[in-house]
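Per-chain residue numbering starts at 1, and chain names A, B, C and D are given in the order in which the chains are listed.
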Amino acid sequence: MRKQKARICEHTELGPGLHSFWLELPEPDDVRPGQFYEIKTAVRFLRRAISLADKIEDRLRFIIRVVGPGTEWMSGLKPGENLDIIGPLGKGVKIPEEGSLTLLGGGIGIAPLLYLARVLSGKGLRVNALLAACTREELICTEEFGSLCSEVVTATDDGSCGRKGLLTQVLPSLQCYKESSAFYACGPEPMLKALKELDIQSPVYAFLESRMGCGIGLCMGCAIKHTDGGYRRVCLDGPVFNLEDITL
Amino acid sequence: MRKQKARICEHTELGPGLHSFWLELPEPDDVRPGQFYEIKTAVRFLRRAISLADKIEDRLRFIIRVVGPGTEWMSGLKPGENLDIIGPLGKGVKIPEEGSLTLLGGGIGIAPLLYLARVLSGKGLRVNALLAACTREELICTEEFGSLCSEVVTATDDGSCGRKGLLTQVLPSLQCYKESSAFYACGPEPMLKALKELDIQSPVYAFLESRMGCGIGLCMGCAIKHTDGGYRRVCLDGPVFNLEDITL
Amino acid sequence: MNFEIILAGQRFANPLVLASGTFSYGLRYTHVIDRVGAIVTKGITVSGRAGNPPPRIWDTAETVVNSVGLENVGLERFSQEILPSLRFSTPVYVNLAGVTTDDFAMMLDSLGKEERVSGFELNLSCPNVKEGGQSIGQSASSVAEVTSVCRKLTAKPLWVKLTSNFCDVRETAVSAAEAGADAVVLLNTLSALLIDAGQRHPFLGAGSGGLSGPAIKPYVLYVVREVSKVIDTPIIASGGVVSGLDVIQYLLAGASLVQVGSVNLQDPEACLRILAEIEKWLNERDLKTLADLIGKLED
Amino acid sequence: MNFEIILAGQRFANPLVLASGTFSYGLRYTHVIDRVGAIVTKGITVSGRAGNPPPRIWDTAETVVNSVGLENVGLERFSQEILPSLRFSTPVYVNLAGVTTDDFAMMLDSLGKEERVSGFELNLSCPNVKEGGQSIGQSASSVAEVTSVCRKLTAKPLWVKLTSNFCDVRETAVSAAEAGADAVVLLNTLSALLIDAGQRHPFLGAGSGGLSGPAIKPYVLYVVREVSKVIDTPIIASGGVVSGLDVIQYLLAGASLVQVGSVNLQDPEACLRILAEIEKWLNERDLKTLADLIGKLED
């Protein structure tokens, strides 16, 4: 982990309030799926955590959804501008050696799974993806997943694309639901809660969020409740946790 | 006075930290030399006061010198962007009917005198200008003054352009020093102080600055000391004062 | 939609109050004054004050520091020149800034007869004067004394504006409430020092000033909430309001009225925008009555 | 150029101190710790604390609000696991957060023997815990009691970290000084409330938090200056430092050391930049000795 100035090479709007950036680092990082960067903005004191969404050669991709001042500011960035970033941070995903794996992405939570799909498929593992969003416009990166995964199922709350329904309503009807050796889930808290209730037998690794102070283990700001009653730091101990260890 | 969104049509760098902007207003204002606008920036809570530097048809010109965060922010504005401005504010200059007039501009203080030169010469009055700055690079708008004034004398502290010396050192040697019916002075406080000490017989109207809260008479933030012992508000009672009324 | 607030028997069209010192005496921008619940004048002293030497004001992105120092025309000119010139029907509260209890009594007595004056805000909290000001508001007994003397002299609403600088404002608020204040105003500015390091000298002409603006809102919200637990007297919040959401947060925390200060300097029409934001917020939630929100924060 | 500061007989390589809670226990970023005058650990309690429920942190452009709630491993694990792992020679001050006087005595007694512990910061000012914390620091007599008990138990430097929330910190500072503190630390965070208006509920999991960051600097500068007028005991400033200029301003106002807090969260290497800025400032003025600036603000 270190601080760098990353140059923005490309900025595309993927949907309403959804922005994709490709970045170039002066000293390229070795980075694992599930890791994230802390981005400095001009409008907030603390950095904002953004997951690595993809990496091709030495270029990094971030995908953001505008939810407040920090992400609003990012959405106005232009190619050629520099971004002050710290990373890669967090433990990221432990890449399995074998098995059949399913990615479960909801909304902006689809983004961090993309690089995971790339790495898993690069290892020759069988990867399925179930990608869900509220509407068609918010369903991002489906083509990229298509080229990396054995099977991609999409779902929208309003049925405007793919199956109609919530991710957790669609999931039980899929073959992978029974057959996957592990699941990787990233999405809003209600989705993760509902997943927890499905009581899936294979491990479910969840990409979690929390409001962060430092992102680097200094402040204890990023607490998340562990089933043992204590807290864990999303930034150091996560951001990827076994879903059954976490109280949501 | 009112709040408007002004569109930036042109931005040129005139010298080190010196920037000129031409603006277009949706509803053009009737504005007098010496008046100013309050500009909202993204980096400071209060607006920043900037004088009208020139006006041609319905376009307004501002010229700024970067001295802190607000002016630094302005220096990054690009054509096409909008500026949130309130104005015109202040009383401005009372334009004389006759006489021979001399403009005394020091540094960024040259800017507000430009529009005054245009209005005075437009009325057919005889206008001289003495323009001074630290170095050649900081001496702005001399050509424009040349086309509007009968005579333009320049001076720099380091002698890199025009006469060598401070404005108040050069002034006594000029013919206009004795003959002008009025002087209009804008420049840093030390220049105005030195002018006061020259004890000029004709009235000297000084364009004054102060740290402003509102710029519109609400807060009493912009006090300047009057020789009667009380304070005056630069924003409402000025910004142009008879130099002999003010304690510097 | 109903924005009305009743406080001490007085009706306010809405909870917005133009804070003292940020709308002068009310002679300008009357189209804004027309739309708010009340205006508080600049602090008035018995004989008037020239105010503090410049510079008097400074800011960052989220704060303002001022040291105006109660520049005002004095009681007499205020009665004779200002009051008759006010061109709006919005309630006018006069911010009184005495040094001694007698000063307050004298001003109250004189202005109490003026029909145009709806009520008073006792400024026991100005950080920008050497005498009076916050030195009164820092002592629970002084607050009690000034408030009770003033209470006896007027039947008009009496607000007491307090400070948290170097004191426990819960105690002074209890004092003010027990001495008969109709409302306590929380808070005046926080004492503040700016330093010109190169000169090794304070930056403001007066040496120090008072901190206001959006950055202090979480602190003032906390104080409002805590004081609301120890007094039943209505609270008027003052600190950092820039948006409709800020006003709603203060109401939830227990304030009945909400003063708008520094943001008027940035935009004299800020209150019009804030009112529109409140309306939108209520609409989105299908709420009808703003007063219903007061004190409704759950733990 | 000489950045050295001597305080209570201890030598500090420079006036920068990593503030409690913003550099954890000192296990990471040791290249930064190597360069500062001292590090204060996260607040330690006797049995450890899980901390407050999330969310625990929130910010604006110039403020941070936190409600970490003294999450820590407790005295025993701190002694056995943390202290032996520290890989730097910079002085370590342990921030002690007791509920009772006995808690402080017990922790001090146990840690006083540790060679690796250079001194103590008594945290009488945490706004984020229900018991202990700022409720001790709000009372001059409690400050006196805890400080004098601790003073008797250790010869190591004893700093007392105070609050200005709902109290007169000039009084508590005098209490701490008279009870034998080697320095008072001004200030801990200001109490703060954030409201989720839609939910009518506090936004932070703990209900309220503490405000820090650059916006509060003018306030804390004022407090440092005023307290320096009433005590001779050295002052350590804490509040809103982000630049070298801020450090210089605090020294001029009367602080001997200056803590750096929130900005570490934005950039763990902030102190390296701040040191470079101080050096540049001194160079430009041809000044040689930083300690010469302490208290040199003119009126």
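By our rule, contacts are C-beta pairs under 8 Å (C-beta built on N, C-alpha and C of every residue); 3 or more make two chains touch, one makes a residue touch a chain.
Note that the coordinates shown come from a computational prediction; the quantities given were computed from them, not determined experimentally.
Where touching is counted per the definition, chain C and chain D have no chain in common. Among the other chains, the CA centroid farthest from that of chain D is the one of B. Pairwise, the chains sharing the most contacting C-beta pairs are C-D.
Chain centres here are Cα averages; for chain A and chain C they lie 48 Å apart. Distance between chain centres (mean CA atoms), chain B to chain C: 37 Å. As a whole-number value, the distance joining the C-alpha centres of chain A and chain B reads 54 Å. Chain C has residues 60-63, 213-214 in contact with two or more other chains. Of all the residues in chain D, the ones that touch chain A in their complex are 21-24, 28-29, 42, 50-64, 66, 68, 71, 213-214, 262, 264-269.
Residues of chain C touching chain D in their complex: 60-63, 65, 138, 164, 166-170, 190-195, 197-198, 200-202, 207-209, 211, 213-216, 218-219, 221-223, 225-226, 245, 248-249, 252-253, 281, 285, 296-299.
Those residues of chain B that touch chain C in the shared complex are 3, 40, 43-47, 86, 210-214, 216-225, 229-231.
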